[in-house]
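Chain naming follows the written order as A, B and C, and within any one chain the residues start at number 1.
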Amino acid sequence: MDLIEQYGPMLLRGFGVTVLCWILGTIFGMALGLVIALVQRYAPRPVRWLIQVYIEVIRGTPFLVQLFVLYYGGPLVGLRLDALPAGLLGLTIYGSPYFAEIFRSGFRAVPHGQIEAARAIGMAEPAIIRRILLPLGLVSALPALVNFSIILTKETVILSIITVPELMYQVSRMSTETFRYVEANLVLALFFWLLVETISRLGRRFERRITQHLIERT
Amino acid sequence: MFSIPVFLESFQPLFWAARYTLLISVLGIGLGLVIGTLVCAARLSPYPALRAFGGLWVSFLRGVPLLVQLLVFYYSLPVIGIDIPATAAAVICVGVCASAYISEIWRGAIAALPRGQTEAATAIGMTPRDTWIRVILPQAFTLSLPALVNELILLVKASSLVSVVGILEITRASQAQAATTFRPLEVYIAAACIYLAINLCLAALGRYLEHRTAV
Amino acid sequence: MQASSVEIRKVNKFYGPFHALKDVDLSIPPGKVTCLIGPSGSGKSTLLRCINFLEAYDSGEIRIDGQLIGYDSPGRKMTGRRLREMRRGIGMVFQQFNLWPHMTAQQNVAEGLIRVRGLARSEAERRAAEALAKVGLADKMGNHPARLSGGQQQRVAIARAIAMEPRLMLFDEPTSALDPELVGEVLNVMKALAAEGMTMVVVTHEMGFAAHVADQVAFMEKGELVAVDSPQGIFQVPKDARIQNFLRTYHERNSF
């Protein structure tokens, strides 16, 4: 009980940072991913190649190493960031190619005829993107987006290694002070299990609500 | 600024450490295949208790970050009186985590087989056991090969996390190197290059297998 | 109602080495119904899609009311803006309806009025309701496409096109994706539209519709326009062996 009193506020702050990293990482990563997906759909070939290289590099390397390059290597080229901003930037970069890929296949799932129908009544390309491609592509990308957002929840613990004060970092601090390594990490494991299960359940309910009117009633 | 000579010199100790990265990933996926197959069998079995156990196994291991699993496992071993080398502990942990994903890959592949395959086997009088061994599993294996290669790529990247328990694979070696040379930028980029090279090779292998199995 | 005429002159279209349209010449008079028939793969849909430049033709000319579509001059494509302006006057109905599944029937119809014609939402919705009433769907305005039958979806698609007040309507096999019992309701809407004096170009496998509603029928095979004639000329006294052959197969398939 003393432990809770002593470490409770610290753990709560850590949880707050974890949630913050997860939400901002998802939002920024999705935004960058969406831009990448749109550029890949419309940009000229050399630009697409460059982006493809970026995607391969990010997807081919561990998140931890990306964080090291950014946080420890960054200052050598003048990029001096605190742990938390570095962690957020890292999450954004790390997530962007996966999100881009998800959007890209979402866009591909939009039947070409629905784009053609818009062209045939004379709609301009920006309006087609905004009114047809995005809403329909987003809906078909939704399950994969939720899924990847959950993966990002789990990746936030890696930020503790570059000293971002999120939940895992605080738990480690607590366990080195109390020598309760096993219990602390076990509780952390159970906590994440619960969190991920809850998010995915909510995600599925949300998906059903959004796609309800698109499914043929039989 | 970025120094090319320092960058090039960083590679040598990292190459050495890359053997551990490969060792842990390959043994990890091997172990994951064995356990994953058992878990998948449990999930498809007719016994509710086994099915529930398989479901919990998959949900827990996929819900908990690998880093947390690693620390729980690593710190628990001495408490329950097991004394094994850190590398072995890492392989077990990575393999157990992979088993959850591999079990799902199997399940997906088996579900993707047309029902007619089983029906055709039953119609000519095959036993359920023969149906599984002769008809379902060979097809499911070929179907899931690309996904398994993808899983191996994920493990190569995930193995960077075992650096926190002190195993001298690429990431740990690059940390040590960065600490002695004070050139983290060059060293970590070199480490990223080695990971990238390994994973691009694996991805090429995956595409080759996909191409070959796509009839 | 204003009605457009279309002049197609020596139009050629290639897909790689495949010659999809071969020197096609066709005059589509204003206010009349022209049906394009022929075996599948004969190029009828391709020709139709060239008229509003959803497919780019490679040589020749397609003029709508004298105005060349798709090109400013031979070989120089017109800007997207000019092309969109021309397309406003051309309605199109697709085989697969291509309604936007995330919008209700009324929103599907209003969308073009708002985005393309720049009407205020309330005015667009009023006109959308009118157009839907015209195709007999006044009571289904709030339904999403997934809650409509195929025939109703296709009628919404027709409403979406006519709400834009086109001077020319293109129909690309509008009943081919429908269950047989739903074909009639769509054909009736098309007949009513024809009676109003709309210029219509219809790619169809419904020989009955072609025979009774069309003013002229064009028969295509292997990318060539074989014959253009009155329905009587094509169906009663076909001169060309290819047409006789096509009609024989058609009758055999549709006889009990």
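Simple rule for what comes next: a residue touches a chain if its C-beta (ideal position, glycine included) is under 8 Å from a C-beta of that chain, and two chains touch if they have at least 3 such contacts.
Here the structure is a predicted model, which means the values were calculated and not measured.
Compared on C-beta pairs in contact, A-B and A-C come out with A-B as the pair having more.
Overall, the chain located most centrally, as judged by its C-alpha mean against the mean of all protein C-alpha atoms, is A. If you average the CA atoms of subunit B and of subunit C, the two centres end up 55 Å from each other. Centre to centre, using the average C-alpha position, subunit A and subunit B are separated by 22 Å. With centres defined as mean CA coordinates, subunit C is found 45 Å away from subunit A.
Put simply, subunit C touches subunit A in their complex at residues 52, 54, 80-81, 84-85, 87-88, 90-92, 94, 96, 98-102, 111-112, 115-116, 144, 146-147, 157, 160-161, 164. Residue ranges on subunit A touching subunit B, taken from their complex, read 56-57, 59-66, 68-69, 72-74, 76-77, 154-155, 157-158, 160-161, 168, 181-182, 185-186, 188-189, 192-197. Contact residues of subunit B toward subunit A in the complex are 1-2, 59-60, 62-69, 71-72, 75-76, 79, 153, 156-161, 163-164, 170-171, 174-175, 178, 183-186, 188-189, 191-192, 195-196, 199-200, 203.
The touching residues of subunit A, counted against subunit C in their complex, run 111, 113-114, 116-125, 127, 131-132, 135-136, 139, 213-217.
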